[in-house]
């Protein structure tokens, strides 16, 4: 099965690269046009905006998600009451279809319907809150919604990692007189490498592939301000019926991922070799 | 609780007389500022998380005229459960107006085998990658993780061509294969990290005892993997249950999952929207994964945990 | 109040989690320099008691004194204790040296002092060559030595061991057992040691506290516990193979007592009763190694029995007999091994027996 | 191949229900008519087909959202498992299907039904007529060119109801002063609502002939001309009259602002009547409807829906497909469907007297060929269409982009369109 899966991904990506050199529109064709699609891609302001956005969005959302997820996990680990309830609350957004939850967020952030209207009704008439209408704040709104949707999963994985740390390590640290925060920073967090790695990879995957969130929250707008590479790719392939350029965008999008993975792989390989030597 | 503490204090007085003054019994718990801060943080975070679901629930209980007024946070003036009934039984999803219910069985039919097969495959993969490293195993794993980053829409065309050439396009086995393939990267990662935390001594001991690949897997690894399997089940059930893209393309018309109905209820290009029904339908569709969270929440968290204990 | 020379004193300690009571009004005084082993089956509360002493668990009732100071509400680090865990609990990403020094650094000790203490601990435990390694590069035995070292550098009077050898294989376990004994002799400090392994208990302890159901059943020197167990539980828990138990009746014949079961009568003239007994149902206990085998007359009690199974163990042999209808195990030296289905004669002195009340299980 | 499976699976049911001739067939139809009103409309088709006397059966495959439904169709075609029929919008969305030989030629049905005579306006028929062959069936006309306004809002602001966009722009400041939103618009779906407005304004500014010339000749010159700059300038003016909650708002919520009297006017296609009707409001009486952007110069765009049929290797199925094609355009079905859908029928020889007053206005206007505007989608591909979407929504959102920049970009898009 692993071979089949890898085969599907490799063949799929192979075809995508191949089609990126063709003039395919609605259906893939083999009418090769060289690098024309790439030239058009990098001349498209929407793609350029998308590329800029993904770095900002990725950095913000992965950082916030990991920090917030870890904080939640640590706090949940303090023998609190109603842990099950809290955990379910933090996890539920993961189970809900974004089509509608995105709409609800949109309502909440809509100045005439949501928070602004509610607080003004309560008498705070100068309160102003319309993040989605402004290109800069719309990206932050996306980050916040992303945290809302994804940090529960991060929390669960990290909480699981925390629970996986040998109880006796905590005891030993207490006997040694190490303060709780210091135990977290110096002993426990480094022990949770596996959990952090899993959560981190999941986060990266969801950032690179971010689509539903953008469509549901901002539709890529205002204008094209919150467009992302995956949104661009998918819309080119489906709505815009421009498979060739969409595949060129997909190839450009996956290239950095491949470089990072290959780099990581080489590092790991060299470390393993040193360790075994 | 309080009564118990009071009776518990009785013998204390005697003891104190004999042994003199000094701390006795449990350390008095002071409600520290830190503890208050902790709960404050959790409650505020929980409220932030609950805003959308609060709005969804109140909206689902309102009639459309009330919703049009736009008082988002208000409780329903005249609560009605009709939208819930509509969402499940009467909402239009095309020519038919039977709500979400017709797709429920299809979703079960797709989710159950997909989850089971993908988890079996991934656990064997993770185990093989960890304990039986073959040539190129790391490369293979790297490619698999790379695969996780590919947007589904990009590989959907080759997949369609491939599946239709073997006659499995738009069929139940077809959709199960697709879900299994796309579940592979994350699940394998999960299982691999889990097995990596198991002491190698355990594996070596079994090998010395002459146990083979499958024997070690079934008799040693599998019993230890119950918790991580629950984690995988939760991830997969959520993913597959909520899948729309693959379901509509690869399952074939007779097997369309519930999300197709959900999409048809909540989305429209030029039609009239009924938000109360939309909200109810969304919550109803999420019910299965939500129930799984509630039921197996404890295992979810203890799951990965079990791997790292006493290394 | 803690008496002079008392290192750890536990007074009326109880612990319950909600409705579940784990420890009941426990009292224990440990003398300075004493090696106490808490022994019992899993779930008996021995580890819980140790955690209470360490301050890792909040107690429900009672007091704990260490070196005469009431530490009931103190944090673990302020109790003057060092602790060694079953899983070693080493900090995996730190070198051995960092593992040993981390607590001291956090406490803000001067560097020279830290170095001095580490050097001493490393010398005592012979781990100098390992100081720059990480725990993952150590064997189980080495790890446990480092774990002991971490307690050692704290320069404390009381060492707490929580099943420290359970994760090791049999050979290493035996080696480290001896090392711990030597360490105790060298350091002369108080050690409280939790185990479920009776050999560790018997070999290491000055006194053993046998625990069951959150209660100390018997607290005595190992030999006393072995030879004069206070109840049937203690008798059965210690010794391998376990003590033979025979259900029967205590009868008075004239002025002498005898133990009767089926058609067998065992005279108890040599048995030292705890107090004047009363006739009635009782349990007769006899350790397998206290039975003489085909050694002729001269024993207060002799009888014949059928051999069921013979288990040669190397140094000696276990013989499973039927005494009447009751199972009876005898440990004999290897030279005297009988064959299966032989009929053999056995003899013992009831002086070495243990009699228990059939109802309460208490020693008679 | 899969089709046979489906047929087999459903054959049993069909056989039980209809003792029809052996030539009966099941046809799977993919469409995106999923809302309550649309459901009622599509069931008119289905009912008629199920009862056509041949034992045929309509297998309904609804997939909400046009782009999702179209993607599904394309993927099915690629997988060698096309549905029997599918909904599209008249335009260029299906030209590759025609050139790829995927579609069933309906010319014989059209000839028999005299489609070239009965279908009006001609522009809607021409969407299906390529190189003298009929490749699809137009089923209705939806005009994009409408404006809807709230009577109470204009009353409250003390301004007369508008007769043109110019009237509205003159009145808008007063509405704003009254604390209301003059102009309602939403920015969802890549800004299609903004483009709809934009195309209305383009037609108004250029006139039909020049507009058609710009699109058909891909004239960068016209696209970069002064009239277009005027359109962009006017768009910026309208932006001043909207609220800051427009981002990603869908058209339903936008219409609701007009329904609830929070906003003055919205430019939206004739389907917006559905939301007014659901709120219990009747056109002309409770709210105003303006055809095009000027009541004196009504325009009807020939947007709407068409049905294509996919080639199958089964003559029975093909016969059924042709039966359905003929049925879709028959007068009874046209009336039943369009009354339920709230759209205009594609033939004029039917009785639509039960339609509401706004629709009556529309039905009157459609009979005059000079009012007819060919749908923009007929000229441009989806790729170009989305590029225009992006441009206008970006311009609408970003006040720092000047009308000159926007005109230049528009000119480039049109010049490079395919």
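For reference, chains read A, B, C and D in written order, and residue numbers begin at 1 within each chain.
Going forward, contacts are C-beta pairs under 8 Å (C-beta built on N, C-alpha and C of every residue); 3 or more make two chains touch, one makes a residue touch a chain.
Chains and their UniProt names: B = Binding-protein-dependent transporter inner membrane component; D = Probable sugar-binding periplasmic protein.
Treat the numbers as computed from the prediction; the structure is a model and nothing was measured.
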Pair of chains with maximal C-beta contact number: A-B
Chain occupying the middle, per Cα centroid: B
Chain centre separation in whole Å, for chain D relative to chain C (CA means): 87
Euclidean distance of C-alpha centroids - chain A vs chain C, Å: 56
Chain centre separation (chain A, chain D; CA means) in Å: 36
Chain centre separation in whole Å, for chain C relative to chain B (CA means): 47
Chain B residues counted as touching two or more neighbouring chains: 70, 157, 263, 266-267, 310-311
For chain A, residues that touch 2 or more chains besides their own: 103, 112-113, 166, 191, 238
Two or more partner chains touched - positions in chain D: 68, 78, 250, 262
Interchain pairs in contact, sorted by label: A-B, A-C, A-D, B-C, B-D
Contact set on chain C toward chain B in their complex: 1, 11-12, 14, 58-63, 70, 72-73, 86-87, 92, 167
Chain C residues within the chain A interface of the complex: 51, 54-56, 75-78, 81-83, 85-89, 91-94, 102-103, 106-107, 150, 154, 162
Chain C-touching residues of chain A, taken from the complex the two chains share: 166, 168-169, 171-172, 174-179, 182, 186-187, 190-191
Residue ranges of chain D in contact with chain A within the complex: 67-68, 70-71, 74, 77-78, 93, 96-97, 100, 181, 187-191, 243-250, 257, 262, 381-383, 385-386, 390, 393-398
In the complex with chain B, residue positions of chain A that touch it: 1-6, 8-13, 15-16, 19, 28, 71-72, 75-76, 78, 80, 84, 86-97, 99-101, 103-105, 107-108, 112-114, 117-118, 148, 152, 156-157, 159-161, 163-166, 191, 194-195, 197-198, 201-202, 204-205, 208-209, 211, 230, 233-234, 237-238, 243, 246-247, 250, 253-254, 257-258, 261-262, 265, 268-269
